[in-house]
Each structure stands twice: as structure tokens, then as C-alpha cells.
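My structure is below; once you've seen it, I'll send some questions.
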């Protein structure tokens, strides 16, 4: 392999792990991340199953190591435009969008947030709280440097506003920064772009975005997050705490035609969240099949059951509005039932990123019928693709849990380093 | 406000979780009483009971040992051992009738800036109610 | 020679200066007897800030540096580099946090200034006790021992083997291929497992960088990362000594012994087969009952032993569906019924395989209580109704268990067994293929029940971990701030040895004292917290250094 | 509970010595570790006897405990196991201390045949040294009142012995000796030989002593006395709570302490090569003491007396077997053993751990449970 440098696309937990291992082995790594922060979806979690470890405690040391590692060059707010060449000699063109804040000068003191007049929904917080036009997604995000969202910033929409620049004592804010296209020469590419969740709005029977207290899994996660919008308080839209909660699995499984692997465990985790804050809340968990494989997952399920949750199986399910709160109507074989609840949490299917097909074309790799990137051989080469030198890891290849995503990222490193050079 | 009792609390914070939570509380500008003197240790299991005892007998109004939640320890099991040592220390102090209320063990994760603020504030209030550590004035100590 | 101490206070723009009276801090600290230089700077971590610091150190010939600025987690490394460039040991340096834990959290400027002064004085009390520490490097042997010649062991060996790295593959039986070679077809495309496995076996046998030892077992493992010495008893009963840098455990799994569960009728009634026996039958070609006739109605029972083992093995649902396909292709009009508790068919491709199988007329019955009698399966439906289904053949999917020698190997390698008795990974999420004993890796079902693709990914991951850390010709740089045990003070009670998570302390039988292995020690200090006599101590976090900070806090 | 019954010839001590001599003859063990009166006659010392004839003036149950038996056994086996069998005849607290030390690698119990004996307690060294003759008579009176006196040996023995509820060398005393000699309620006519494990039984077989007799009435009497002791122990601890506990009481109690650290030297469980409180860690520059004097107004010297005692309690309270050796050793007669015993009871209760009960049971600080002690977490 002539060129030893490696391009990693996506700075989630799989991308970070691959970059660190490749850097440890002495390779130069270009890590390209679409958003302004590292950590991907995992840092949105408060805790991870099955040992309920705090996600930040787990990932933050890796993020910090990433930022201080010599031979890793991190490109944030950057996307891949073009990929040419082959194993050992790829030429990749990337578009690095302007952050409008100098990564070196800024020390993350957040003095520039307060004066900014703009306030819009914060995507990182799933819209549960607002952020300014100059923002970091959540306290503790790394790199701890804000970015200016030109879509909402009034300066980029005609008004001559310099409030953030004036508040900054380090002249870190530079409105003249330009997007730039950069050419990277690499020997191999690791695609770790992760997944996105099905928008439950696409399936009307769940009443998502229609009834007030129907939340998606990620929304509930951010509600429970100690560094999130409500600093961990579980509250309904009207500010009260829910007395009864329904957690619905397999949202979109029928429509998608596959089981997304992690929703059962993630939903069982929510029982611990709820019981921690609301000890006597009544919880019912609606599932069609329990997907809890492996040596530790059933133990977690048994332990969760002892906390007082009734598991209700269903073939079909829908959420109806009542005068007070909602009710979950479910059917199993020929019997059915209806359960009044104050809050509903939906576990939506995992699906490929919206821009997966665009990236597949750029990389010259194929997708499977669901839109996930297609592996070369599902049994013995699940991290390789039809194009030699391009590897796919994590949920970009197939919905899986953090352990398998990290294992796949390490496997890609193994394949790359074993090619020698 | 000057002569009001300002407690002196020694805090052994574990580098990976609680010290990170303290930093996060800082970056989030969460205000808290200036009573805690932070000492950074790599793991809560580094704190041996006699180190805490020396601070306590030397007159610390309060001693806080804080680390990762059990199961989150960066070194896998450190905090389990720390918990046992702390329980032993507290039992010895309690049996001897010295107010063991002044010793506190708390688990604070890296993203729990608010919890860190809450623990420091509540512990300071508790110590204010207990008053100054009598050991400070005992000449024969 | 008296130490020359310099204190540098960073204003961090407004962040510290706004809430800490820097002038008062400078005045107070300068008045202290043992401080030679006290300087301030607008932003020490900026380029010119670092230049200013370096030049000031060199100009005054300082030997100890205290910087009062932000969190050590952010810039300790930055300033240690500056000290190094300025010519002093980076450990003669202490960064004290007067921003996140002082200026930003204390409202009253008076009190914040008082706290900042205390933190600087605490660092000043501590710095005289700092000792110079130097980066260590240790020689390593790049070769690798792989235990287990199954699909995972072979995959790891093939990826790791190279000109400058020899692989020693030790296999207990006389053939490679492990359990996979006992399977007829592989999911999902029903390819013959022989094609895939034999090609792998050929590659292993032909590689001159892989030394294969069949009918061999590991007897003893000594040493540590980069320097293992392993005793292997080979087929010809010879004892071999191998020197390797890393060890990969790929010992696979064994199936639950069905004789332990009489309610499934294995061994009591005819035509009750285990999954592997049924695979054997298909490899031989025909599905026949004991009396030589093809079966008309077959029952396939999932989750056998799941309750007893306390976990779902995750792979049985898929291979039971595969069995149904075996049957439907060989005996199209045979009646097939599958009894399951939960269908574990995760991932993008598995549900489709289930739906295709169901479309072939296979019936599925969910039941948590199933009993096999002679030519009949008794089961209880979810509503509690007792039902029976007459069958003339039963196939059982037993739970996956750790392989027989797991306990012996765990003890020999000083790694622990976790849930289900499988080897315990170092971290369930971020380090699934390494163990707490650095240099010892686990792959495949030895780490937990999993299917073939996941085992292969784990084997490739082990290759990733070894290829990126154990590099031929490159020395290992272990943790610098490790613990150390004073031979004069240690009485050999071994409390530290037993609390050490990483097996980084061993007992010197001759001197009867415990000794720290600085390659494995990660500097957590648990041993120091457990040592009553203070014989153990952690470099750069000694009890005296910590006590000095306590003394200042209580002044 | 089964055991053997031996008829007493002359007195209990003689009978036990004959038993030991027979053991030596039959090669069940090669040497005996047993207390013998010192030539000056006013104390006893542990002696490793190999020549059978020297056993004649040995005393398996001396009136005083100048040296805790476990310390003697530790100095024999600290550097590794003996390759010849030694029979050590000690009090239950000495056996338990030896078992505890074996878990700390300071005693190696291989080839050691531990024999325990019902212990009526021992006299304070001070009382014995002054007038050994009268003290010996007083001790024998206590010993022989073993017939039915429920208050067995609970006034003139040491305070620690008066409240000791683990004076029996079998499971009811949480003790794991190989063989236990019961003398309670035997009116000096017989003694019981009760094997606690296989090696105890095999030794008795080798000496063709059949151990199938029931010892239930002995056990019943022992349990009665244990209950009495437990009650007395609670009463003493209540008294301690009011008289000694609390910062001022503690400071007064230890104000007489002269920092001789005898209590540590006599303690079988304090095994460190150099005590933390005498190591470099505690040696501070003079300005540290000036600073403390400055903030308190005055500072007593030698400093950190209470720190030594409290610190030692955190180190040893989990393993303290309540043998009272510390109190005997204290020149200033501070009732240290009662304070340490009280602290030890609470520490051990925390992990419901009984020191020296079993070799397999790990020391509490060498292990952990994932889900425990939530009451100390805030």
C-alpha cells in the first residue's frame, strides 16, 4: 500500500476508535465529521446498556485523546465531495465549511453566546431546547468551540450584527472565514457515518407530533440527560410528572422489514431512567419479540423486570388521544386491550443516514435494499465493500450495538494494517 | 457576612468522572460556595483511609471523597474498593463518637455538572449546621 | 542546590481576570519566601503565551514551575511540553485550576481571589516533593500465540502473520476448522461451509509465518505484554517453550449437555437430535429417522437450556430457520413446526430470511414450556392451554456454553470469567476483544455466544489491536506515572496484589515482597489505597504530595 | 458434636501433656509449641519443644499471656512453611489470630497442627508479676470453678477476657483449630478432645483415640456462658459509649499516652515491617508544626497521638480478635483493648466478618460486592 494515510468518515464512537488505533500504529489519519462536534449519537445518551454506564464518562476520555493525538487531523463541518483512485492511492476531495470561529484561538468560554439575538431549536437536543446562532450542541461537547449557523445567523441574512464578535476577547470569531475544498491523498477509507432514526411522524397511528406527550427514544434520552434541556427532570409538556408511561418497541419494524437490534435493550434501559426519577411511576413495555441476545442482555432484562414493569406483547398497536392523556390500543392474536397512559415513548427503527445514497455514489460502493452500505460478504467480510480499500463499520453497515460497532471499527483497522505498507 | 463560619472542606475528586463534572460545572458557570478545596487523584481508590483521617484530625470541617458511579470506574473496579475502605473509616469514626457526618462519599459522573454543584452546596450547608470541626481548637491533637 | 520556583498566572482574557484580582494574587505570591519569579500573561495557552513561558523559564533558570490557569485535563500536556522544550523535566510542573474550579464558580470576587491564592500555595507546597520522571521503553517480541484453530483463530492468525511476525497456532484437536466445519451450509446464502472453511485452512497451512501445533495444549503462561513465555505440550508429548508478545484466546464454545435436561427427551426417545447431529445428517446427505425412513412431521425446539443458562445464545433462531430450509429442500411435503420463546433475528437481513422460511409453510408456535415425549411434543400456549403436536423427529437447539477448558485457561492467563462463565472483556463497549491483562485478547465465542460474522469481526478486531500496538521493531511506551513498592517497607502481605485489577503486581518469593510490573500498571493507585504501611506509592501522586495540598487547604 | 473423652490423671495440664507426649511418640507431630514457666518463675514463654522430656513443666493453660501465640507461630513460619509437623496448643483467640495472619501471608499453616483449649481468660500481667504465687492460686480457683459456675472467670481476669464471647475453639466460638480440648464442666475428672476437621480426626485415629462420644452437655454449658459474656460485652460497650467516646473523652483517655506504641508491638495483627505512623510520610518540616500551633494556639508533643490510635484502628479493626494483648502491654493502663474491641465489633459487623473464623473467607478489604454499602453513599 503506497500511501499510508487513512481517511475516516464520521467521528462517532466507531470513527473515533478506528482513528485512535490507526494513529497508534503510526498512520496519519484524516477524520472528517459532518457536524461541528465529535461523539456522534453515543454522546446524546445519558447512560448505555447493559451496565448503565455514564456515556460521557465512557467516551469523553477518547474524544480528548483524539483532540491531542499528533497524527490525527480532525475536519469538522466537512463533507466528502469526490473519491477517485484505488486501494493505496485514493484522492479525496472534501468541502470544509467555515466554522467562523478560529479553533486555535477560541478557549470555549461561551462569552459569545449570551449577546446573540437569535434563538432556534437545538437539533442536538431533539428540539427540546433552544440554542443561539453561535452555539455548541451541549455543555461538555468536544471540541469545545462554537460554530455559527449561517442559516439562522442574522448577519448572514442581511443584518450587520457583530454582537458575538464584540463579546469575544480573543478575536476568535472571523466572519471572513470561507468554505474550502481540500484534497487528501489516502491509502484506504473507513466509512463510519452511523445511522439516523426513523421519524415516527411517517407512521400516523403512533400519534407522534399529533398528541403532546408522545416522545421518540432520542427525545426522551435528552430529556433525561443531566447536561440536557431539563437537567434530567422527566416532565410532560404541561410540566407535571407522568404517573403512567408506555414504551413501544418495534416502531416502524413492519414498514422497514427488519429488526433494528438495539431498541429492546434501549427501551428496557428507559425503565431504569423512569424509576430513578419517578419511583412509583407505572410502566408498561409493548414489544412483539424480545431481542436480547448474548451473555449479558437477558440478565439486564430479568433485573429490569424486578423494578416493576409489565411486558405486554402485541401484533398491532396504535396510540389514541383521550380527554385526559392518551391510551395505547393493542392487539395480540385475537385478543386486544387499551391502556390509558400519560406519556408514550417510541423506539423507532434505525435507518441509513439521509445522505447515504449520495455518499455511496461518491465512494463508488453499493447499498442494500434498505439503503445500508452493502458489505462484500455478509459472513466472512462484513467490514469490506465491493470496492477494495473502502471499509464500512458500525450502523452504516447494519444496525448494531456499540460493542459490535467498536469491534467492526477495530476489524477495519486489522484489515488495513494487515495489508502492510 | 464576613464573620459567618466559612467551612473548609477537602475534596478528593477522581480525575476521570468527578473532576470532569467539576470542570463541566465550571464551563456551565454553575455557582457554588467557595468551601471546597479540590485535590485531583487518578481514582477514588487512591485515597487511603489514613489520608482522610489526617485531614479530619487536622481540623477539616468536612472531607468529600468523590468518584465515578460504581460500574463506570475507568479502572473497572477501583470505586468498589474505595467504597469498602470509606465504609470502614466511617464506622471507626462513628463508633468513637466523632461526628462522621463530616465525611461524605459521593458518586458523580462526568456529565453531572448540576449534581456536582448540588453535592458541594448541600455538603457545605450540612457542615455549616455542624459548625467548625472541634478538632481545630484542640491543642492536644 | 535550592530549587528556583516560578509561578505564572494566566488571565485567560476576561475569564479569570474578571473574577480574580490578579494584582492581589501576584502581590501575595511574590511575598512568599520560596518563590523566585511571579509573572502574569493574558493567555498562556496561545502561541505567544507559550513562547513567553518558555523564554521566562530559560531566562530565570527556573527548575520548578507552577502555572495557575485552566483545567489540567485541558492544558497539562501543553504546558508540560513547554517545560520540556525549556529544558526542565515535565514533571517538575504543576497546573492548578483557578478557572473552572475557582473564577467561574465563585460569585464573590474576594472569595474567588482567596481560593485562587490557596490553590497556588497548595501547588507551591507540593512542587518541592515532585520527582523527575522519564519516559520508559521496553523491548517487545512481535510474535503472537493463538489458542484455538477455529474460524476466529484462523482469521486472526492470517491477518497477523507477516514476514516479521511469527504466529504460533495451538489447536487442541488434530484438525483446524472448529465448530464451523461441522456445519453443512452457512447462512444466509446457504453456501457450503466446506468451501469457505477449507480455503481458510489451506491458507493457514501454506503460510510459512504460521506454525501450527495440533493436538497441543498450553500448559503455562509467564511474563507480560511484549514478553510472554508460554509452555506448550505438543501432540508428540514434547514440551515447547514459545516466546511471544501477545496471546489470542479463540477457544470457541461447547453446546449445553442435553442429558442435563430430561424434559427434552434427548437420549430417552428415538429421533431426538441435537443441532450438530442434524447438521452431520445433512452433511451426509439425507434426513432419515433411526428406522431409515424419512420423517413426515418434524419439531424444531429453540431456547433449549436458555432458562438454566440465564441468557439467550442469539444464534439458534437463525440456524433453526436454516434447518427448516434444509428440510423443505430435501423433504418438500414434510410438516415442520418451530417452537420458540422470542425470535432473535436482529439486523437488516435476518427478518427477511424468517419471512421467506415462513412462506415455505413452516409453522411457528411461541411457548415457554415445551416437553418432548415419545413421538409427541407437549407445550403450553401463552394463555396457559396444554397442547400437543405429534412428530416423528425432534431437533433441539441447545444453549451455547463456554468451552470446557475456559476455567483452566482463565486461571493460567490470569484473566477473569464474566457473565455466563465466558471470558470477561476489558470493557463491554469500548474494548470488547481485550482483557484486563494487557497483551491477552479474546475473540469469537470464547468472549460470548455469537454468530460466524461476529466471530470473524472480533478476530479481525484482535488483529487491529495487536497490529496497532505491538509493532515489530518499535518499543512499547507504558504508562509513566505508575505505582512503586518500597522493598524496605513491604512485609509481603499481598493485599495490593489481590486488589490490582490488571495483575500488575507479582510476589517475589525470594525477597517475600510484592513488586510492581511497570509495563502493566496503569497508575490508578488502588494498591496504595489498600497498603497499610505506606510501602506502596504512585509516582507524581505520592501521599506526601497529596498531604501537602491538604495542609494548605486547612491553613 | 462428637469428641473423645480422656480421664484426667493428676490434673488437666498433666493429662494434656501426656497426650502431647503420646503424639510425639507416635510421630503425629515432630515438635510442640507450648508455654513453659520461665526459670525465674514469674512469667511464661512460648517454647518449641522437641525433646519430649522437657514437656514436664510445660503448662498448656498458663495464667497470663505475655506473648500472643500467633506472634510466636508467625516468627516460625513467616519465611515459608515448616517441612516438619508442629503441634501448637493455644487459646482460641491465638488460633484465630494465627488463621487471620495466614491470610496476610505472615503465618504459614501447612504442617501446623493447631490445638485450642477452653479459655477461662488470663490474669493481667501486672497482677501476676507482683505476686505469682497468690495469682496462680487465684487462677486455679477460677479454672476449677469451671464445674458449674456460670460466672466462669469473669472478675479477676483481664477486662478483654471478661467480655470475650469466643473462648471456645469450635464453630460456636468461630474458631478453626484442628483439635479442641474442652474442660468446661468436667470437674477435673475428664477432658474432651473435639476434632474440628479431618486432620484433627486423623491425628486422633493415629493415636488410636476413638472420638465418637457426644459432647453435647459440654456444648450446652459453653453456650450458656457465651450468652452471659455477650450480655456483659454489650453493657461494657454502653459504658464506653458514655465515658470514652466523643472527642473530649477520647482526648482525656489518650492524654496519658506516651507514644511508646507498645499496644502495636504486642498486637498479633500489626505485622508491618515499619509502622506508617513512624515512616517518612509522617516526618514533616518544622514549619508544619508551627503552622498547626499557630492555628490552634498551641500544639502538644509528641504530636498525632490520637491519629496513631485512630489510624491503627482503621488498619487492624477488621482483623482484631479481641485478645487484649494491647492492654497488658500499655504502661499507662489505658483501657485500649476495650476501645479497640468496641471499634472492631462495629467494623466487622459492617462486612459481617469474623476474623480467624475460616482460611477461605477473604479479608473484607481484599474483595468487594458490586451491590453493597449504599448507606455510606450520598
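Lettered A, B, C and D in written order, each chain numbered from 1.
What we mean here is this: contacts are C-beta pairs under 8 Å (C-beta built on N, C-alpha and C of every residue); 3 or more make two chains touch, one makes a residue touch a chain.
As the structure is a prediction and not an experimental result, all values here were calculated from the model.
J.: Could you name all chains that are in contact with chain C and with chain D at the same time?
T.: Joint contacts, listed by label: B.
J.: Per-chain Cα mean versus the mean over all protein Cα atoms: which chain has them closest together?
T.: Chain C is the most central one.
J.: Find the geometric centre of each of chain A and chain D from their Cα atoms only, then give the gap between the two centres in Å, rounded to an integer.
T.: Once rounded, the distance between the two centres reads 63 Å.
J.: Measuring centre to centre with CA averages, how many angstrom lie between chain B and chain D?
T.: Here chain B and chain D have centroids separated by 37 Å.
J.: Using mean CA coordinates as chain centres, what's the chain B-chain C distance in Å?
T.: Between these chains, centre-to-centre, one finds 32 Å.
J.: Starting from the mean Cα coordinates of chain A and chain C, work out the distance between those two points in Å.
T.: Chain centres of chain A and chain C, defined by C-alpha means, are spaced 24 Å apart.
J.: Can you tell me which residues of chain C touch two or more of the remaining chains?
T.: 73, 427, 499, 530, 543, 547, 551, 554, in rising order.
J.: Going through chain B residue by residue, note those that touch at least 2 other chains and give them in order.
T.: 20, 27, 29, 54, 58-59, 71, 74, 77, 81, 85
J.: Return the residues of chain A touching two or more other chains; collapse runs of consecutive numbers into ranges.
T.: If we look for residues of chain A contacting two or more partner chains, we find 51, 53, 58.
J.: Spell out all pairs of chains that touch, sorted by label.
T.: A-B, A-C, B-C, B-D, C-D
J.: Can you list the chain A residues touching chain C in their complex?
T.: These residues of chain A touch chain C: 13, 17, 21-22, 24-26, 48, 50-51, 53, 58-59, 62, 64, 68, 104-105, 107, 109, 111, 169-170, 253, 257-261, 289-299, 302, 313, 368, 370, 372, 378-380, 382-383, 398-400, 402-404, 406-415, 417-418, 420.
J.: Per the contact definition, I'd like the list of chain C residues that touch chain B in the complex.
T.: 71-74, 97, 99-102, 104-108, 111-112, 114-115, 118-119, 122, 426-427, 436, 481, 499, 501-502, 522-526, 528-531, 538, 541, 543, 546-547, 549-554
J.: Taking the complex as given, what residues does chain D use to touch chain B?
T.: Contacts found on chain D: 241, 245-247, 249-251, 255, 276, 292, 295-300, 303-307, 310-311, 313-315, 317-318, 339, 342-343, 346-347, 350-351, 364-365, 368-370, 372-373, 376-378.
J.: Which residues of chain D touch chain C in the complex?
T.: Chain D residues touching chain C: 78-79, 104-106, 271-276, 279-281, 288, 291, 295, 315, 362-363, 365-367.
J.: In their complex, what parts of chain C are in touch with chain A?
T.: 12-15, 43, 45-47, 70, 73, 77, 155, 158-160, 162, 186-189, 191, 196, 306, 310-315, 342-352, 355, 382, 418-420, 422, 427-433, 448-450, 452-454, 456-465, 467-469, 471, 474
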